[in-house]
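What follows is chain A paired twice: with chain B in the first complex and chain C in the second.
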Partner chain A sequence: MRKICLLLLLCLAPMLTGCGSLYNERRELETLRLAETLGLDPAPGGVLLSLAASSGAGDETPCCFSGVGASLSEALEALRRRSLEAELFCGHLQHVLVGEAFARQGLDALLAAVCRSSDLRLDMPIYLVLDAAALDALSSSGDGKTSASDTLTSLGRGREASTLSSAGAILRDLDRQGCALIRSLRLQPSAETDPSVYTLVPEGFGILVDGKLRELIGPEDAFAAELLADTLTPCPLVLRDVQGRTVTVELQSGGTKLRPLWGEDGSLAGLELRVRVEAVVLEIDGFTQVADEGSLNALTARLEAELSRRIGRVLRLSRDLEADFLGLGPRLEQLSPGRCRGLDRELGTLLPELTLRLVVQGELRHSNDIN
Partner chain B sequence: MFFLPPGILGSMSDVTGKPILLSALRERFSGCADFTERRIRYGLDRRLSLPVCWLDGTVSGTVVGLEILRPLTELLRADGAEDPARALARILSGGIYRCSVQRRDSLPEAEDDLCRGCCLVLFEELGCALSFESRSAQRRAVSEPSLEKSLKGGKDSFTETLRVNTALVRQRLATPDLKLAESCVGRRSRTQVALLYLESLASPETVRELARRLDALDLDALLALGPLEEAIVDAPLSPFPQLLHTERPDRFAMQLMRGRIGLLVDGLPVGLLLPVTLSAFMQVTGDSNMHFTVATALTVLRWLALAVGALLPAVFTAVALYHQEMIPTRLLLSVIEAEQDVPFSTSMEVLGMLAAFSLLQEAGLRMPNPIGDTVSIIGALIVGQAAVEAKVVSPIAIIVVAVSGIACYTLPSQDLGFAIRLTRLALLLGAVFAGLYGVGFVSCLILLHLADLDSFGTDYTAPLSSGRPGALARLLLRLPKGGKKP
Partner chain C sequence: MQETHPYSFRQLRSLVGMALLSPILRLIPGSAAVYAGRAAWAGPLAALPLLLVYAALLSRLRRLMLPGETLPELCLRALGVRWGKTLLLVLGAWLLLYGGFVLRAGADRLLVTIYPRSGEGIFVVSMALLALLAALGPLRSLLRVARMVEPILLLTLAFILLTAVRDLDRSLLLPLTAADAGALLRGALPSLDILSFALAALCFFRPAQTDRPGSFRRSALWVVGLSLLLTAVGAAIQGRFGAALSTRFSAPFFALVRNLVFFRSLERMEALVVGLWIFPDFLLTGMTLSAAQHCLRLVFSRPPQPGERRLDLGNGRLLIWLCGAGMAALGLILGQGAASLLFWSRTLIPLLQLSVALLLIPGIFLLGKLRGRL
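Let's turn to the complex of A and B:
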């Protein structure tokens, strides 16, 4: 009798778990359409939500669904209602694309949904589509065999993976610094010969301040932002040497060391940023040797000057926007937690008043030189 | 034409205490065409008449003829004994040189001996008989084990003859510490059951308890292991095996060395061991013949196979029906594509495949070997391939069920394999109705049941149930013995 009672109690225990909705969530696999990429654009009276979804790993091109609603949830519900055959399943959403116009209005609704929805995960990267709507990016990129989702997946696996801004990272930065970087993409004709085929290519960063897109960092300065944020990915850089020849170097690794400059009264007077870069010579216009120390030093000086120019541009942008999107504040806090607690304002608003000392140190190697 | 004995229509008469007379034996064995009797004139005057009887076919004709009848008729001819008592004494003192002779004074004992292949010489005036062991030597020879193969271990296995089996064990444990107690089980079959244990290692309480349970057995006949097992185990309703079966004498001896008690049944080529734990079913004799690292890896693999065999179909069904988020996207897309044209739900597919797999398994077992192989090949390859091509089942369902089935086959104990097949079904039903929650719930019930099981005072889940540190390591690792080098 005691055993039977225990068994009955055990059987009733599921009632306490709050998993009552479990039975409603039963789905047959063959009825599912997996939404992989979510696109968001502004629409009159709300938001235009688009989804790239596929129902198999074969040659079938992923379909693009779109729906309009006052909020994300309403738009998604509208989209689900209009889906004829299969059930749209958002549990496998991999990427989010936001159109530039939507980003300028603000990502608050999206980020709030990420915090609450079980379908949107914190590690999901969010991309900004420049000069185009997310719906256009979803529907026109790809060639029938590949889709925007495939492009974004390969981007996530490639060199840029470390610089992707996940929803969680954006939320963290916005909460901590009030601003964040978001990876931007541009819809461009693909490298294939067919001019009607478009693809998405990385195009620098967007700067979010208070959840809204305020400014862009172009592709030419993207590596500078990466260097300052310690997330540099190898990239080529074209220089001119003293003879005016074109020299291409590859920035291989690098990082920034931060040192606060405290005033006599204990206030923060400035920041010293020591940027160190390791680069290797890739190409030189004409078959010229750079093995001699003199020419190599001259080239290194050129590299340092170029890096200083570009990093300076990014720092100026940060100062002008009064936004610490490079995350210097948290790093400073790690270095001098006690003193930073005494600061009366956020580092972003302090930046215009601070002295910024930039020291760039390049190390150029020519290990590929056969002589 | 069958001559049915008159007793078949009425109840068996009580024969206890009756003197051993040829007429009584004739009556008891009436209708038995193999009951054979001869009357021998004994002694110089040949006045003493001794009836000799046996059951034809159970005795060796050579032994009866040369070692019993010939001494009685020829060698003892010069004996002047006319008194049956003197003749009995003369025979017992070596007149007949058969090695095993017993005096029987009651009819049931005499009947038992006859049935076991003994030849009886009756002394009707004294109401007793001499029983000469003259069992026929025509029995199956010791052969290679068919179920428990071993690469490096012994190549012999138990046979249907109890005495051969006890000798095989004695050969490995040549010590007087190995005790052997025998008893008869079955009112009609009178099957001999031998209880073997090492006196210094086995628990005396367990031995006594087992003997008590065997004595209390009330069976008509013991012709299979099932009734014996059900009668002596603690939880006969549990699907989990509570007696360790082996057909290998070396494994049997090894388990006796671990303090277990063995049971051998006449007529069954298998030994039973108890008390058991779940981990005992995961051990193979071959492990002792391997390097300890290999043996440990194989043990871990077997435990993994146990988990896969029990859980894989249920987890797949639960994830496919309720928790699609858990499947990697590319894999899910492949699975969805495979499921597109299949008309059945995932749960029906897996259940159907499990049923088909079990059918094939049963067909393979029941058929003679060449046909069984053909059935397996046709079932697995041709029907499976055709079912996938006809979009009746998806390839992923076949893969899941096949992997689970193969995992069950890797378990050393077929009995445990059958239990796992049953639990697999229960887990699958849990998955169908409540997803991973259901799987967890059923798993908890199974674990509770296992934790509750007890085999003659030993926890079924030992050594894990002890809660001591290193219990898991003891379960999975086989460490080297580390004896001193000479």
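Let's turn to the complex of A and C:
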């Protein structure tokens, strides 16, 4: 009996080699084109899905395919039919680009697909393309050798890495607060001198409310949103000193401390936001020194005023939209769990009635003065 | 069940513990998160007091067993032949139903995670055949498999949990306040379901008498360990996805594995991990089939004897084949359609399991005591 079993097992062994036609999903690695970026735009009666594939193992240039369908799956099937020669492999998708029009209709279909699909990862960043379709961004960015996927990969490694809005983070925030931030990009010529080559440039954030794009945060206020969300990454900020000279400081680190202001009846009356920023002086017009206490204090005051102005704008936006896209609610709950459970409404809807007290504290740690 | 070669309580715990990994990863925290929201991860800890009471009761029951006796034999002794056999018929049918459901759920997991274009039939039938092969032989084979796969499965699980801890979001787990108490108790139900099954399963098998099978301390320590394991799994998944998002995945644990990056370079390991989880399915179905055929053979007064040959059809062993076929058939017909499978998984099976574990088995003990037969 044992010998018969062994013989049977030996007969079955060839099935494990992966050769022949035993597996209908078998594909040769060198013929595969890895789809890296998924683009989504609205189309009449459905969705326009585009995929940017890498150059592959051979000498092929990056390519872009698209398909239209009533749903994501149907559009993907239409795309596959168009790209039969290319042997597209979608199991290694790295980024998702959504056109502004698609985002305004809502990301629910995409986010639901992320939860269901075995190809889409939750840590995959989702970007919003402003004033352009995702298909345009995928097909027209790059110089023929590089593609939009390369730009997005660089973005993922660079300054925007820590503030990328991944599918998982968006889903989590939409579940928790009903709104979320999504990083926005703009399609622009890569150099002023060569308008024929386009690239994707980081812009700011889009604000998703109930899964739909409602408002935008411009590039000048992006760092303020990052500060309030405690995800600041170093970035330059241009100020004017008391003499009217241009001073560039680099915001190196910072964060926001939240303190609830409770009313006498136990209700939430307001919020105090203490923003702390550490910066260094990068550049000043001329050979001026600012290392003396008076100059530094004056510059710090300018820094604090500028930060207050920009942070105030983001907070006003949050209040106007009645959307807690900065995640203040969950942080408040960490501070006063018992009292926050007693609130009858979400923080977002409470924001218009709350007193918001903003305290900005800047510190210039180094002036890089010439000695 | 009598065995030619006695086994230790530790071996038995390994078998049941490894078999449990199948329902743990199916129900935690998805099902608990539906009932308890953010408090779901702490559900296993909330279930612990009741589980310890249950462990004490079952230890007492095991101490009342005569040498060579297991729960089915004790049931006959406590309730008499007529009622005892009726109850054994119910227990046997329940175990077959549970085994069939495990086959179906295991097949569904493979479809969802790795083979979306396949059918569940091939997975149900092949696993049922493996379980039949295990049930035809002595329990020792299953115990050996459990001991062999235990380090692999536990190391894999520990590695995944440690990697997941890095990205844990504390605000998705805490704070828990007094207002969460009700939700916490509701969230304890899936853990109670899983762990009460584990404790009850220990009574269907008989370790060597010299190994103090009725020790409460060892059962209690074991169930505390399992509770902590369930808590860790729940916290790792929920701390990464949040309670609401966890409920959207059909297999939250494998969604967690799919989204992990190991050492910043290794990803998409879910196929390997799902592959490993075939072992708990095999152990669980093998174990339930063994227990079911034991109950049903006692109904037909054909108790299992030590040293039975695998392909021998005498002494009621034909029932093992019939049970295997029945389990496979149940696996094929149960939970047709997503809504139906969800209903079986989240409502019907836990309800039946809790009824058997918390009503039927303590009922045997109480009736036996009342009738003065225990």
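Brief remarks follow.
Definition applied: the second predicted complex is superposed on the first by the 334 of 371 C-alpha atoms of A that agree within 3 Å, B and C clash if a C-alpha of one lies under 4 Å from a C-alpha of the other, contacts with A are read in each partner's own complex, and residues count from 1 in each chain.
The rule we apply is simple: contacts are C-beta pairs under 8 Å (C-beta built on N, C-alpha and C of every residue); 3 or more make two chains touch, one makes a residue touch a chain.
Here the structure is a predicted model, which is why all the values come from computation and not from measurement.
Within the superposed three-chain model, A:E333 lies in touch with chain C and out of touch with chain B [touch as defined at top]. Contacts of A:G91 after superposition: both chain B and chain C are touched. Once chain A of one complex is fitted onto chain A of the other, the partner contacts of A:R316 are absent, as it touches neither chain B nor chain C. Touch criterion met: A:C115 reaches chain C, while chain B stays clear of it.
In the superposition on chain A, A:R176 makes contact with chain C only, not with chain B.
Looking at the shared chain after the overlay, A:R345 reaches neither chain B nor chain C. Under the contact criterion defined above, the residues of chain A that touch both chain B in one complex and chain C in the other are 25, 91-92. Contacts from chain C toward chain A in the complex involve residues 112-114, 116-117, 169-172, 174-179, 240-242, 244-245, 248-249, 255, 258-259, 261, 267-268, 270, 311. Partner chain C is touched in their complex by these residues of chain A: 1, 25, 91-92, 112, 115, 118, 121-123, 168, 171-172, 175-176, 330-331, 333-334, 337-338, 341. By the touch rule above, chain A contacts chain B in their complex via residues 7, 10, 14, 17, 19, 22-23, 25-30, 32, 34, 36, 54-58, 89, 91-92, 94.
Taken in their complex, chain B has these residues touching chain A: 320-322, 324-325, 329-330, 332-337, 339-340, 342, 345-346, 434-435, 437, 441, 444-445.
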